[in-house]
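Each of the next two complexes has chain A plus one more chain, namely chain B in the first and chain C in the second.
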Partner chain A sequence: MRKTKSIPVFILQRILQVIPIVLGTIFITFLLLELSGDPITALGGDFALPDETVEHLTKAYGLDKPVYQRFFIYISKVLRGDFGYSYKQGRPVMEIIMERMPATILLGAATYVISTILGVAMGVIASLKPRSWLDNLIVTLSVMGFSTPAFWFAQLSIFIFSVLLGWLPGFGMRTLDLVDTSLLAVIIDRAKYLILPAFVLSINGLATLARVTRANMLEVMHKDFITTARAKGCSEFAVLIRHKLRNIMLVLITLIGLRAGMLVSGSVLIETVFSWPGVGRLMYNAISSRDFPVVLGGFLITAGMTIFINLTTDILYTILDPRVRY
Partner chain B sequence: MNDLLLNIKGLKTYFNLTRGVLRAVDGVDLKVGAGEIVGLVGESGCGKSVLARSVLRLLQHPGYIAAGEIIYEGTDLSKLPDEKMREHRGKKIAMVFQDPLGYLNPVMKVGSQIEEALRIHRPNEDPGKIIPLLLESVGFPRSARIWDRYPHELSGGMLQRVIIALAISCDPRLLIADEPTTALDVTIQAQVLRLLKRLCKEREMAMLLITHNLGIVADTCDRIYVMYCGRIVETADVFSLFEKPYHPYTRGLLEATLSIDEFRENLTTIEGTVPDPINLPPGCRFAPRCSAARLVCTQADPPCLTIDALKEHVAYCWIGTAEYEKSAAPLTTAI
Partner chain C sequence: MEMQTSRQVLHKKMEMGFSVRLHKFFVSAVDFWRRYKKTKTAVFGLVIILIFAFIAINASWLAPYDPYLITRERFAPPSAKHWLGTDDMGRDILSRIIYGSRVSLSIGFIIAALSMTIGIVIGAVSGYFGGKVDTLLQRLVEMVQMLPSLVLIIVVLLLLGGGIDRIVIIMGLLGWTGTARVVRAEFLSHREREYVEAGKALGFSKFHIIFSEILPAVIPTVLVIMAMNISGAILMEAGLSFLGLGDLSVITWGQMLQNAQRWLSQAWWISFFPGLAIFLTVLSFNLIGDGINDAINPYLKER
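This part shows the complex of A and B:
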């Protein structure tokens, strides 16, 4: 009789496996930083710095040390959350990013919730009556949602809901001169600003999830253990939740985890179009102004978040599916 | 026979396919008495599984019950609302299937899958007490803690015993076992059969044992139904059937069984192949393969002949009737 590994052992293994990925990511940013030119010159901007200042700064930043030493110093700095200083603002990169982080997390979380709940629900509903008009509608919508670029949806939705109908604000994340400052009013205000960007950002994931959910539901429906569940007297609802959904959950969780990376890249675009004050727009602006420390800091943070989400996905997967724990 | 538990009358289960109507079960009468072990035998594809699933109304789309009655303890299951039908499933009638791994949910512990049934049908009892007892009754020592296992951790024979434990968990009066040993190793087949037989005795449970192997039913069953192309062709008390098989198909099956050892697979030793279930031949469906066929056999459905009233031995065949004697020599016995 084979014995399944215990969950803690498995989680530990997965965490150990992540270490090289983290180091690799830091190595790539370091390389990019090295290739991006002399930071001292960049600090001076359009003015040439006096020689003593250059010398002083070179020493202060440790730029006179050999490259491998600088790499280890860089790693230890990154791991302590020190991403250097912004060329433009002269403030620590970490500080600038952390100011923008809540907005990005809010948008990302809303997107995740919308795309997961709506996507799975649409997929399940479509699968209940295959080839019905409702199924056809959902399949058509999801093909459209999957194949249309997000910026097009962004502009269309701003045009319809903001310009034409005037229901929702088209940019920003809050009303600056909000009169009623009670908690409820603030929440409603934020929600209004959140709806359009979050919905547009979730369309792609929603469409993908709906299609994958539908396909997997149609497959699991014909599995023999579904017959066993019915044969022991389960209601159709119990069959749906405990047997069908529980089994396709594995596929869905992998997919939802994989979308983390796409969410980050998508948010650069959507935050820019909707003027959403998050990390994505910060990075976009930093790229246009060649503020490399901010760009790379943003890169490290989002890469770290993606790695973390994927790790969580992996762990969830092993908890849900005993068969992978070998 | 004791009290009648299950009485299937004129059951027809059809599949509406694009090619035409597939009459998988086409007018079957079958009875199971309380505590009785009844065998249902026939070649693969003759409609045994469809018949079994019809009883619990577990047919897959596009199958449906086109006609007939399935009377269980006086209630016609075929006309029961879904809600009431669910109360019968697992509680009154339970089922064991052929492929044990596929029939268990891969991501649920074995214990939880049994618990699910208990919560539905025995809500006031403590599953934690019942489950170890159930698993013990199918031969797992308590120390093996089988309830904590996932299906992929167990062997085929163990899984089949788990499924049997699940099936008997809510004390059904009737167990339908659809080829419960076909997917197992030969040595384990005998064990599982003995287990099923013992459980039936201990629990006064009736069993409809479905198989394509006459050798299996010989040791286990009280009476036997032989099925061919969606119809019953012969039924009798087990001794009567083995002593005096009447129908040429039954005789073919018996010869095939006796010529090989008891637990071997497949009965393809009867010559010819099963006809296309959508385009069945008129008259006797066995005629194209029957060496005794005459013209009358291909013209009209064979009559029901009582071979031995006492043993309820009945066969559907033209042999021995006046029409058969008068009928012209066989057409080509096309194979």
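This part shows the complex of A and C:
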């Protein structure tokens, strides 16, 4: 029999396991940069640079050093948050990305909240009466939900809610000439802009959650501890909250981690459709103007965030479920 | 001398085994279909995919117009002449969707085939051998799974240049993790079973046991993931084309949606119909996947 590891040891182990993943990700970007050709020729564009300029730039960028040295320099730069300068704006990539980060985090957080609350609620409701019309409806909706291309759904919702009905704004993040600048008015204004993109971005995750919640709820339904709880006189509501939902918490936490990567990918598309001024839209613009440092920086940042979220959910998981630490 | 004869016996057994297996395969296929068709939605999905496949194969004579033909009838709403309307350059949307089905469907299949080959090999090796090999491969799976794949694909396409072939290769190289996990789990549960022990006792090679003994047994599960993988690949390709990273010389549904973005407020049909095509295809593959799952695990259906 193995000894149970204490929580701090396990967390430390988990963090150590992440290191190769981080290095691997940086290695991928470095490899891509190397494969993408000579940056100095790219700088010159259509014009051939004079020899002394090429020599100077080669020295300045450290391109005369051997590959492995360049790789270590690259790693140390990336780890310090130095992603180079944007070709387009001439400013540090990190600075540009950080400007856009709040908007993306706002959208991402709203998406997590909406998809988790609605998804779990739908899954629980469906599981209460299996094979009823309500259950069938929710099952059908959830299959449709994760089959929908989110960016198409975004276009449709803009057309319906903003062009046709005029209820909600379809582009941007705030009203530029807002008259009433009290806090409440600003919050309401932001919320109006947030509803459509956040809802659209959440449908795929919401559908997955509803489905998984339903399946897991139905699985625990016939377990002995539920019968015991009922036998000792728990109300149906208490059984639901304290015994059933608690048991599926772990599954939900794993899903949150897995969804992080999908959310990041989705936000590039959705921010583009809604002109949401976040990192996703920044990357889209960088793609169309071939601003490599910004795209690479965006990739490293989003990959870093995904790894971080995964690590956090892993740690959360171990704290909540002692069985993991065999 | 005695070794020689026992080996000959083994070969004979294997040959006999083949025809028996073939017969068994047909019996189980018929049985499988009987259970599959019980799920109405799954049959619906299969019918839709067959229709799309028919359309894709016969695009050249099914399309009412030349999909590239630019006319003066810009932004014509759906009518008897143009069933699904025309776009900003007066091109017939129905014809473009018909031609677009070729790329979307074939890309889905090719990417799924590529990523599943990788996933099956890695999952099988990981699950069968276990131990250090397994730990190492699982770290690799974790790493690839954590990468925001769409963003990575964008980076690769930008740095190494776009094009359908590159999209297929990169997505194939990134999309195998789900398959690997499921196949690994199946192999873990199969490797201790009697028929595998019997195979080992008969002196079959590891390669033979993995690919000819265990793999056929887990094929139904692999089919379920395949359906999901195809739908995922179609969605991803649509997203990439939507971002303008596809091949501009061929028509794809995602690219039609990209074009529609600018005309959202005046012509809903430019966006609606190509998106509907993607939605129906993806939905159908998901329904097929669910149907196969229900057919191979009938007890799950009750849940």
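FYI, the second predicted complex is superposed on the first by the 310 of 326 C-alpha atoms of A that agree within 3 Å, B and C clash if a C-alpha of one lies under 4 Å from a C-alpha of the other, contacts with A are read in each partner's own complex, and residues count from 1 in each chain.
Quick note on the criterion: a residue touches a chain if its C-beta (ideal position, glycine included) is under 8 Å from a C-beta of that chain, and two chains touch if they have at least 3 such contacts.
Note that this is a predicted model, so its numbers are computed, not measured.
Enquirer: Using the superposition on chain A, tell me whether chain B and chain C clash or fit.
Expert: Fit: chain B and chain C sit side by side once superposed on chain A.
Enquirer: Once the shared chain is lined up, is A:F159 touching chain B (first), chain C (second), both, or neither of them?
Expert: second
Enquirer: Looking at the overlay, does A:H243 come into contact with chain B only (first), chain C only (second), both, or neither?
Expert: A:H243 contacts chain B only, not chain C.
Enquirer: Have a look and say if chain B or chain C is in touch with more residues of chain A.
Expert: Partner with more touched residues of chain A: C.
Enquirer: I'd like to know which partner A:D321 touches here: chain B for first, chain C for second, both or neither.
Expert: first
Enquirer: Contacts for A:K232 in the overlay, against chain B (first) and chain C (second): which applies, first, second, both or neither?
Expert: In the superposition, A:K232 touches chain B alone.
Enquirer: In the overlaid three-chain picture, which partner chain does A:V67 touch, first (chain B) or second (chain C), both, or neither?
Expert: Neither: A:V67 stays clear of chain B and chain C.
Enquirer: Check whether A:V143 is in contact with chain B, with chain C, with both or with neither, and answer first, second, both or neither.
Expert: It touches chain C, and chain B stays clear.
Enquirer: Rounded to the nearest angstrom, what is the minimum C-alpha distance from chain B to chain C in the superposition?
Expert: 13
Enquirer: Touching chain A in the complex: which residues of chain B?
Expert: Residues of chain B touching chain A: 53, 56, 58, 60, 86-91, 94-95, 97, 99, 102-108, 113, 116-117, 120-121, 149-150, 152-155, 163, 166, 169-170.
Enquirer: Touching chain A in the complex: which residues of chain C?
Expert: 41, 139, 142-143, 145-152, 154-156, 158-160, 231, 235, 238-239, 242-245, 254, 257, 260-261, 264-265, 268, 271-272, 274-275, 278-279, 282-283, 286-287, 290, 303
Enquirer: Which of the residues in chain A come into contact with chain C in the complex?
Expert: Spelled out, the residues of chain A in touch with chain C are 17, 20-21, 24-25, 28-29, 32-33, 35-36, 130, 143-144, 146-149, 151-153, 155-156, 158-159, 163, 170, 215, 218-219, 258, 261, 264-266, 268-269, 272-273, 283-284, 287-288, 290, 292, 295-296, 298-299, 302-303, 306-307, 310.
Enquirer: Note which residues of chain A are touching chain B in the complex, please.
Expert: The contact residues of chain A facing chain B are 1-4, 222-225, 227-235, 238, 242-243, 246-247, 250, 320-323.
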